[in-house]
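Right, one structure below, let's go through it.
A, B, C, D, E and F label the chains in the order they appear, each numbered from 1.
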Amino acid sequence: MSTLGIVKRNIVRADAAAVEKLGRFGVATIHEAMGRVGLMKPHMRPVYRGARICGTAVTVLLQPGDNWMMHVAAEQLQPGDVVVAACTSENEDGFFGDLLATSFQARGARGLVIDGGVRDVDELERMGFPVFSKAIHAKGTIKATLGSVNIPVVCAGAIVNPGDVVVADVDGVVVVPAALAQTVADAAEKRESFEGEKRAKLAAGVLGLDMYKMREPLAAAGLKYID
Amino acid sequence: MSTLGIVKRNIVRADAAAVEKLGRFGVATIHEAMGRVGLMKPHMRPVYRGARICGTAVTVLLQPGDNWMMHVAAEQLQPGDVVVAACTSENEDGFFGDLLATSFQARGARGLVIDGGVRDVDELERMGFPVFSKAIHAKGTIKATLGSVNIPVVCAGAIVNPGDVVVADVDGVVVVPAALAQTVADAAEKRESFEGEKRAKLAAGVLGLDMYKMREPLAAAGLKYID
Amino acid sequence: MSTLGIVKRNIVRADAAAVEKLGRFGVATIHEAMGRVGLMKPHMRPVYRGARICGTAVTVLLQPGDNWMMHVAAEQLQPGDVVVAACTSENEDGFFGDLLATSFQARGARGLVIDGGVRDVDELERMGFPVFSKAIHAKGTIKATLGSVNIPVVCAGAIVNPGDVVVADVDGVVVVPAALAQTVADAAEKRESFEGEKRAKLAAGVLGLDMYKMREPLAAAGLKYID
Amino acid sequence: MSTLGIVKRNIVRADAAAVEKLGRFGVATIHEAMGRVGLMKPHMRPVYRGARICGTAVTVLLQPGDNWMMHVAAEQLQPGDVVVAACTSENEDGFFGDLLATSFQARGARGLVIDGGVRDVDELERMGFPVFSKAIHAKGTIKATLGSVNIPVVCAGAIVNPGDVVVADVDGVVVVPAALAQTVADAAEKRESFEGEKRAKLAAGVLGLDMYKMREPLAAAGLKYID
Amino acid sequence: MSTLGIVKRNIVRADAAAVEKLGRFGVATIHEAMGRVGLMKPHMRPVYRGARICGTAVTVLLQPGDNWMMHVAAEQLQPGDVVVAACTSENEDGFFGDLLATSFQARGARGLVIDGGVRDVDELERMGFPVFSKAIHAKGTIKATLGSVNIPVVCAGAIVNPGDVVVADVDGVVVVPAALAQTVADAAEKRESFEGEKRAKLAAGVLGLDMYKMREPLAAAGLKYID
Amino acid sequence: MSTLGIVKRNIVRADAAAVEKLGRFGVATIHEAMGRVGLMKPHMRPVYRGARICGTAVTVLLQPGDNWMMHVAAEQLQPGDVVVAACTSENEDGFFGDLLATSFQARGARGLVIDGGVRDVDELERMGFPVFSKAIHAKGTIKATLGSVNIPVVCAGAIVNPGDVVVADVDGVVVVPAALAQTVADAAEKRESFEGEKRAKLAAGVLGLDMYKMREPLAAAGLKYID
């Protein structure tokens, strides 16, 4: 009955072209294009400046202090995947370091998103293997208890299903359900196309108050100007 | 495309008999019976001593500082339901107080589980309306932005689908998927039936080391006794 | 130039009748009556169940690990006052215990609100001296550095001027500027007078959706009902 | 070389009479009597109202998510002991519940102090087995990795050596080195004997400013009174 | 009666020459020159390495999840201003991004200090628009509820009045009341002039113990040297 | 009786050659070589990118808001030492800045590890004086209360004895007892010598599942592969 101790081998990954297209947009734009949903909590930070990820999720459910399932996940990786690791309780141990990164990279993985700790951060930067995590911690882990691979997980407050698109940059991490990848990518493109004009107007000194026609609703809401 | 702005009216609630049976067990027992999954994070605490809930989830997704959807949820409540409220971002405002509690109670709701703040806590205790929350805060909220009712939500780290069984006591909050309610209730019963004998042995001075036959595996793991 | 090292002796306390009237309402009601402002952050909690305070603020600015100014404040207390203590940096030491409580009580003080730690909590409950604090901690403090008494302070996120009315109950702590005490008390009374009718309707099964006429604005905002 | 995987059987417990004497004083008094050292951090809270402990430490070093060593510790317990459990990383899992409490109680243990989570809190209260912990959490743990028993540990920021006296009440938890138990108990007694007179003076309206002769040093430090 | 829903147009900004002079000193120096007050809490961090701000405050009070007032504030900005944004409750949503930054920059603003979240951090760095915030978060906000502009606010624990000088660097954020700007600037200059000599002595191996003549007061306080 | 107010002058520092050898390895490697113990908590972070320390500990116990003992410690420093500063309660004040850094550097110190705040961070980077801390904060401190120098301290959860080796890099801070320095350095060397081969295999696509022979124990634990 438990959802622990399971590895799902065949998962439906989001359409590759849609993934590539999503990779052209920032996390904030994609989140807006989805209708303002899908974000992980803001404690998820890049472990080095400039880290960026876009790929399809292979999910891992870890036990506290135990990274056994990371090795099980490695076998399920395909080029273009991103490992998304959750834990059954809050734990900041260093579940991941340069050896696992070497293995993941050899399998074609594009990065790791983990609601826990990682280590060997300087080496990860040298390797160009981007990681977004809750903590950096040298604490070692054991290999003794089963979790699962490729089941739905909650990572930093977001539901991630295997095959979903995960995009991470300096502004955070967003999860796009596989079935919505193309639609969201198109919506992001459309949204971004409007931004240039807005930016030009604002740079020229036009106020958002006028550009977005806010003066009337502000007055209706009761805003009062005093001297 | 967004999952915001939706109210699902017809949800499949867990079998009533299974819910009642689950109500006879503690949260820790049910969590173990499920294979050690399903718990919310430990920041979810009862707002008064002795609060306890068992019922079927009507889920609500709130926006920060806005409790509009709580009123929308009230109409969807049936006797035996528990409102499970998540928020699109971390926020401890007082989304809920005695007036909403009066309305929920009139609809037959058994309690509220909310990853946010509540107020009027003394009155909630007098009414006997149990609440488990992240915070107690008098801060008022507005009614301006759409969230959703009866979509899957992540509440305090746990996925909750409408109709799932939610059990809360002093040890925390656990979510049992509707389809597993009877199986988990039976497993909890079985588990509890074993505990009496164990407790009697331990009370008589038998050591867990012997009762659980741990001495050999401990030695195999390398445990050393020194003087 | 510094605001440290100052004791202001003559402060204008809020009108006594207004203070007494405010004491009849809960913190949530007063906060709403003020237009939803004036609350301290939700980490301020009563140190024992049932604690409640309403009185006029004598403010204290402490240094971390140092409670010297609490003794200076004692002399400035008049019957009906509440000591409101802030600290120049975040610190959870036990700045206050039963001896200071005895002194404050002897001076007629009604309680303490402190963004720091306190100790001797069982004795405080026996004495009936209510305290709202950030922490309970036995850690002792020294008497070596000047802070100030009766200057404006920021306590748990709220500006408190000496003489302001401070009301604290299980839902939190609210600060009412002295000049607004009567107006807020009247508004709180009015607000509460409306609640009885609302509560009766909701208890009778009327939905907030109908009582507050929310159906139309919800539809206008785009809310969709699905089956 | 590692300090993991060790159980020390013979430890030197603090003198029994000194332990009993320490048990007559509050945590704040003992901390002061020691010269203001020895406290655990303030996140250590009693799991039920009224919990109080005084006894000699049997220390346990746990691994995250693993309570194997608690069973190993049970065998080392003697009447009058208190289990003090630390963890190799921050973890709030429920390492302890009513079965282990039954076993510990049968061995004569007086309580548990744990920098982690516990569960079955209602049952612990019914049993009268006091626990001070960082969290309450139903999360189950495994039995797979070695820690140690009766080595020096850091628990909630305090060094605890096996045999030390641990006193816990609503104000926190203090650790008295075994060799100092009698001296500290005597100092606590002396300190408390002075408090009655001070309390009487303060209750009679004498100010701490005068009783502690603070006016001169305050003036020397530059305190200014303004109107 | 509420302080919400107000925009004050005419504010008294600190003297321009004093602001420029303050801009030559670090935050730590200015804080010391003020007598060790005026700092925001240390959770306020620059969103990119090297960010630095000095200017006059235009204050904004936001509602959680709502950045409407940021647009209202834009109109009140004059060259040399810094936007200081507080929120009525703790909230880490992304209230600010590159479009608002473009608008603020076009108005001559020198940066933003916000006790909340921001996004588009890479673009902010490219634009050279410095921001100090509590969080980085892609989460979008709405425009539905009134806050205020140019009222006194509490931002990260510090009182900020419109027109005050705000200085931010890697060590934190300090607020200088407008009326004290010149005095504090002069005191900072004086303070810094003494530091060169001290630094030279310390670099030459002179101990602070001797330079500050601490040996005698340390001995008087009871310091004991042992071997 | 108190451990406060003491300066120990003669401490036994770890063997210089062993210290130098430890300096060649990363914190994660040393932690593993010690048997997975000795780490400080992950809130200890470098104040600038690229900071790294290896040296022998001179320990300091500070009081909150007071850095007097830092000056006392300076006199005890020898070339190759690292100052390790703990505090009697949690406090993030800026206990340390460029002047003290100048003094420490002049004495030959290699860096500072402090469970508190520091300031003048840009200047510290320019000086090349590495610091690992809990916070960056401009808040000034006083010189009024005794702590101790060169007594055992608990810093960020780790016991540090004077003379122990402290190694800090981007992955955290580890403490090696002086008596174990050579053994741990040798074990770290051995451990690292094995990593090259492992890394090469993993880079070539060999799975950890095979390299570490995990398939059998995973199956024995009950892992199930599904499609």
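The criterion applied here is as follows: a residue touches a chain if its C-beta (ideal position, glycine included) is under 8 Å from a C-beta of that chain, and two chains touch if they have at least 3 such contacts.
Not measured: the values here are computed from a predicted model.
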{"item": "Contacts common to chain B and chain E (chain labels)", "value": "A, C"}
{"item": "Copy pair chain A, chain D: interface residue numbering same or different (half cut)", "value": "same"}
{"item": "Distance from the mean Cα position of chain B to that of chain A, given in whole angstrom", "value": "27"}
{"item": "Distance from the mean Cα position of chain F to that of chain E, given in whole angstrom", "value": "31"}
{"item": "Whole-Å separation of chain centres (CA-atom averages), chain D against chain E", "value": "41"}
{"item": "Touching two or more other chains - residues of chain E", "value": "36, 49, 88, 90, 92, 137, 139, 145"}
{"item": "Graph class of chain-chain contacts, one of line, ring, star, complete, other", "value": "other"}
{"item": "Pairs of chains, among all present, that meet the touch criterion", "value": "A-B, A-D, A-E, A-F, B-C, B-D, B-E, C-D, C-E, C-F, D-F, E-F"}
{"item": "Chain F-facing residues of chain E, complex", "value": "26-28, 31-32, 36, 39, 42, 45, 49, 169-172, 174, 195, 198-199, 202-205, 207-209, 212, 214, 218, 221-227"}
{"item": "Contact set on chain E toward chain C in their complex", "value": "1-4, 34-37, 41, 88, 90, 152, 154, 157-159, 180, 183-184, 187"}
{"item": "Contacting residues of chain A [partner chain D, same complex]", "value": "63-66, 88-93, 137, 139, 142, 144-145"}
{"item": "For the chain C and chain D complex, residues of the former touching the latter", "value": "5-10, 49, 68, 71-72, 74-75, 92, 94, 97-100, 102-103, 105-107, 117, 119-122, 135-140, 143, 145-146"}
